[in-house]
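The first chain written gets the first letter, and so on, giving A, B, C and D; residue counts start at 1 in each chain.
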């Protein structure tokens, strides 16, 4: 065990940079199954698209807690021997993605601590917007921190509040936290699932029919793999406590109305998942239909930017009758990193993932469909690839509205100054990415595709309407937006 | 460097089991580029679909030879430091797939040896059918073997024959070998590419426009990634010798007529590659058109088994007008291995890769398109998944003729006794995989899709017409076929 | 970074088993040297005998803290690259030995935390006897623990107390701790060294002549290797604070009189170290002289049990004139573990380390000198080895008094029930180890060798006189002793 | 198994540099024991002093051969799992030391090959002086080489010669080799041991009393650890073949008279080993007695340079009556490498291993005893250390004659131009190492200590009398000596 973790430990000031607290993640929890850790591992396998940087599982037999975490993909982090060592009938798991320099073993989840009430383990998907303030307060009161993660802030709060059981303590801790969180927690006797009052991130409940056990997971695709039956979505603001007595549902927070992240449907979730009752693949196809209504092009073929643009491109082709073609082929074996030659290969960064086919594209008027434009540089390279392969025209359709603001609720987007749509007009963007035409989805069309706006979604990255800051009050929000703008 | 290779070293008898010499592979060669090893590495990256078990690169600066090989995917085997250590302007690389127990570091390529004429390195895609006999002869003459690979047999032959240069020696060695080989070889001063007289496996030549250098690769997709211009396919029976004087083409073998592997088009090659002038994606779509003519179904949706069935399914949908839908979602993050729970999850092996969507499939009459049926067990599980998701009917179309024989030329297929189509009628297979109907591509339809039968293809796995054995003589072939049957 | 730490996380009850808090360690600190982490690493190299299980270094450039820790020996834990990453002019380091199951990466030092006053890093040699109580109190107040180490208890205390600087806070924290500690601590601006009021464990101050910097280390041998000049021992109860302003000495604790561990001289420290002014090698030779006075044997040769018995045996030989011979040869390449055959080799455990030479021992009357007898089993095996090699008589002399009690102050000894001298008379022990005669050092002889008893030593493991418990009060001590007896 | 071996593969010319073929090694073989690989591993453990760079074991169950090799010490290379995988009742093992750049996994032993007669595994201690010629001849005949080792040359020869069994083939192969070799070899049914006609390197035979099996090992200390009984030394020019029928002794080479390496006694072998009937520790002590006769000094203390100077210093002290003191303490935890600070610490390279004690040396006239002076730089640093610690006079005695020539028979010494005694007079050396006086052992004194010159020793590194070259003929030797001089 020669493992080592040489890394700069940031002093307080640098730790509070907003970027550190952004992370996309997936969580899973298993209650009462003889192979709990194996099922948790498989759940993470199915949720791998939510984070490929690190993975971990904590299990318990009701007495001891067992822990295995590592950097990399689920398949690389766990061996059969590791799974075997993770004893007990209950387990929680976590996959994590992060682009910051603090991609270190120390910052992997689930965390597990010993405190006055025993042991508590926690895995968290989301982002606390007041993590900085809470951390400062806790440090003033004598808490010491070992990681940079929001998760540790929640654990410190839980160790200091009162409550007659772990559920109450976790609720009391979370009532001080503002932001997005879908959490699974494990104690000696309970598996707990919580979704923040606005329900930004998904969390579903499933049932292991044979063992009579329960599963919590970020998405339904995890239930499918382990053969669990979908029961229902955990609701915004709900806490479920699963113990030997069964499932108890609590409502520890004041109701404020659901604000599920709409970008989960557009890009982040797996197409075969159903989130709050809506199938992701079908939603994307309907978005394609809406794009067809908004931008009926006189074109020869519709080509998706794979994989996230596929379903919307299929929807567009279906609605317009223009043939759907795979003019860009994706290399699915691409690892997390590759070694780039010093001497530049033109558009290398995109070529490693995508190859354009002249035999499909040559001489064609092409409708290209992608999920979003963030910085614009990748989109420009993709348009170049398609033109180099001989396309006569390239019409770039985007299956989301312009991304004009960062996400504070758990998706890692750059700040406003790097968002092309926050800095440029659509016509400027069209020129910058060298497309013949450019069409974004409109907000109205988005919600037609989603069925209804009224269900309650967070679309802050498109609309600037940040639900938490509205709740906190205009003044404080002002403060933050100035800093970011 | 605590690496170790504990493994059973097979005594002679067990080494000669046919299975050992079957391997699917990809090769690449770079001549004269300041970052030769980095380009070789990127070429392997693009050829990763041809072998995920092991990868290696050998480079030379004209004096020393540098070598890095490892088990696993290209991205995992090489670090930036490894690439840096692989000095010199010339390099060859290899990716390998094998299902045998001898998946060990020792059996990775390229091999590099020292012999009386200096150093010689070799990477090989294909399979020698007389490797056993050659090896026995060589051992009788005093050769000693360190690996189980055909590649070492070729090197031993090259070390013993005469010839005025490395090209002549390699040709003399290969004239004793029977079977399939596309080879790249590296000496102190030359990069050599050879394709066997029948040209079973592909090999293409590209040009690095800026450096004026050359590239050899199994498929054109490798040229695309490193920004090399496609020059031409190496022809069946051709040897090209690339040196500082330029390219020399030789014809060391008696002409016997091209027999390119047709299964490369159906399944093995990447869709964005062009093999001997034919684009793979387009060929697969045309196969879909042929299936539509053969099996026009009264169905609601066409669903591919991803990824290899996608283009054929698109072709079928295009020709029939039945909507194309992604009713099966593939998990692209699946590693080479996963840890299976002891208590069985129904159809687990297939579920790890594929998830069926009720929201797409429920109540539908489904045309399912896959590239082939080998043992039949996987196909049966896939039909089950689709039915469990609510499909009303499942019509299974196969984008190749029935697989009735093993491949002796480099693709790893089980022997006849495990091939469902060698043992059962189509109606029996339909029942075994639980489909409402089953339709295979016909040989005639296959060659309509390929443009012409006359170009010369190997279709031995469908037709039983093994070109080498025909050449060798009916008698010897009989011998082998009895053994296998 | 695929490193992982699968291990049972003990719930509170099992964490409090006394054995967990026993650990022998070495510490080092460097202030103001451009290669601080390299010097810290070399200091640990010299202190390797104090702990071979784990090693770590934390450095700082005044802003960031850098951290590298690993399981194993110093030479295995650190690469040149690791050292390079440990930036800054100040560093502390730690080596650790432990025989418990919790020999995991998580439990390595130095620890580094973020708290309200910035960052604080700490490395600790010793053992707190009230760690259990402090931990319980801290958890009641909301602290959460990530490790099983006393060191974390001290950090939690420091995070909660007041004080105008890190020195005051550390002193306030330590004033609540009872037990043995020699500590080096690092903040953004200061290197701090503290020795507990009784000064159980050694700690010395050195000076880097060229850079004008300072060194703290467990033993003088660490100063010698890095070319530092010995300045003085840190005194019992003293705290030194090294900053850019120089060295400040504080006396934060009430004076109680020095009680330096006498076993450091007999066994634990390196012979070339000087502890509190006394050279270890010379002390051991004087102990040999005392043994000669107590037990003048009619023997042919004096043979040490290498390495710890060598100096005392030389002293005995010198005083008696009996020839000194190396009849037992030690294998210095022995690793921390070896793989034992299932089928037993007689006296295997001892043979791996020691080989007896018939050519020296055959027919001889042998005086065998070892440093101590703990469980007695090893001594019995050694006597056997010597007899099997042909010795006619074996007289076993021990360079310490009978070990009748465990150490609570940082040396890992088994509890009373496993100490042969706590359970048996000397004559019984002689029989059990199969010696012709047995002679222990007496307490009086020990202190004659040490120069004076008055200087103040802890000899609790021989005398039962536990300084801390005396201080705490007879009642509490009773409690503990019953539990242990 | 991500292990990789990036290294320059030397073309022929550079491979023939003499340095490559020098290596000090240890070998072991086990025949018929249920834990053969574990015993082989333990034998290597005991022989670790003969090579710390790499280790390997090959075992067989009579059908399959199993192989585990790695870089580093025995304890680091093998896990219990590795040992378990090395099945079968027979095994051979090898430890290797080398200072060349080719310290790579590829160059570790035992080698195992498949050839026409089955499998053959070989481990070799020594050096072939005609390896270059043999290799060239073999390559001309079509052999290809995968390693740089002499061992592979022997295997190639064995694969090409005739003979009715493996023993005859190995003998026929070795009859073409000139130089030093003590070999253990393993076939499906036999364990073979051979010592070259001059018997340069040791090889002993032992018996496993309980299992009735046999052991071959470089030194008797390996027999001691695994509890095997010493039977006898394998004689110069003898081959023993151990099979189920028992032991057969053959004399395949013409007798030329024994020339055992005398430096094994002075430095290389472990003190507890008996080589050809002489105990190493006693021989060293007798050398000390001889030094006392040659150089009776008026000194206060005798101090050895540990560990190899200890026994000779004890002998000197015993004979002169001058007290023996450990004034230099060796750090036994020193790994194979350490990270040196850029800013120099005076005499750092020596300080990492040795610390001088002022409390022993201050004001003293010191006789310092070391085994040899090679380049002189280390000796100079040691004298400096001793003077810096306060010694008044330093008299440097060497327990061997001046080293004036390199070894061609398996010990890694620099060439003549780097040997201080080949370039300078004794008085010049004394000045260079800054000693008050310098005394080398004489050849006559050496052989008085060894008992007799007539037994037959190789002392070429002292005398220039290279037995092989004498045998080969003056002319050829001339050739070589010019090259080296």
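The working rule: a residue touches a chain if its C-beta (ideal position, glycine included) is under 8 Å from a C-beta of that chain, and two chains touch if they have at least 3 such contacts.
All values reported here derive from a predicted model rather than from experimental measurement.
Colleague: If you average the CA coordinates per chain, which chain's centre is most distant from that of subunit D?
Modeller: A
Colleague: Using mean C-alpha positions as chain centres, tell me how far subunit B is from subunit C in Å, no decimals.
Modeller: That pair's centroid distance is 61 Å.
Colleague: How far is the middle of subunit A from the middle of subunit B, if each middle is the mean of its Cα atoms, in Å?
Modeller: Going by mean C-alpha positions, subunit A sits 36 Å from subunit B.
Colleague: At what distance in angstrom does the C-alpha mean of subunit C lie from that of subunit A?
Modeller: Distance between chain centres: 49 Å.
Colleague: Could you tell me which residues belong to subunit A and also touch two or more other chains?
Modeller: Correct list: 76.
Colleague: How are the chains arranged in terms of who touches whom: line, ring, star, complete or other?
Modeller: Chain contacts: single closed ring, each chain with exactly two partners.
Colleague: Touching subunit B in the complex: which residues of subunit D?
Modeller: Subunit D reaches subunit B through residues 1-12, 14-15, 63-72, 76-77, 82, 85-86, 104-105, 112-116, 118-119, 136, 139-146, 155-156, 159-160, 188.
Colleague: Could you list, by residue number, the parts of subunit C that touch subunit D in their complex?
Modeller: Touch list, subunit C to subunit D: 34-35, 38-39, 41-42, 45-46, 48-49, 52, 73-76, 78-80, 83, 210, 221, 224-227, 270-272, 274, 279, 281-282, 307, 310-311, 314, 318, 323-326, 329, 331-343, 345-346, 348, 351-352, 355-357, 359-360.
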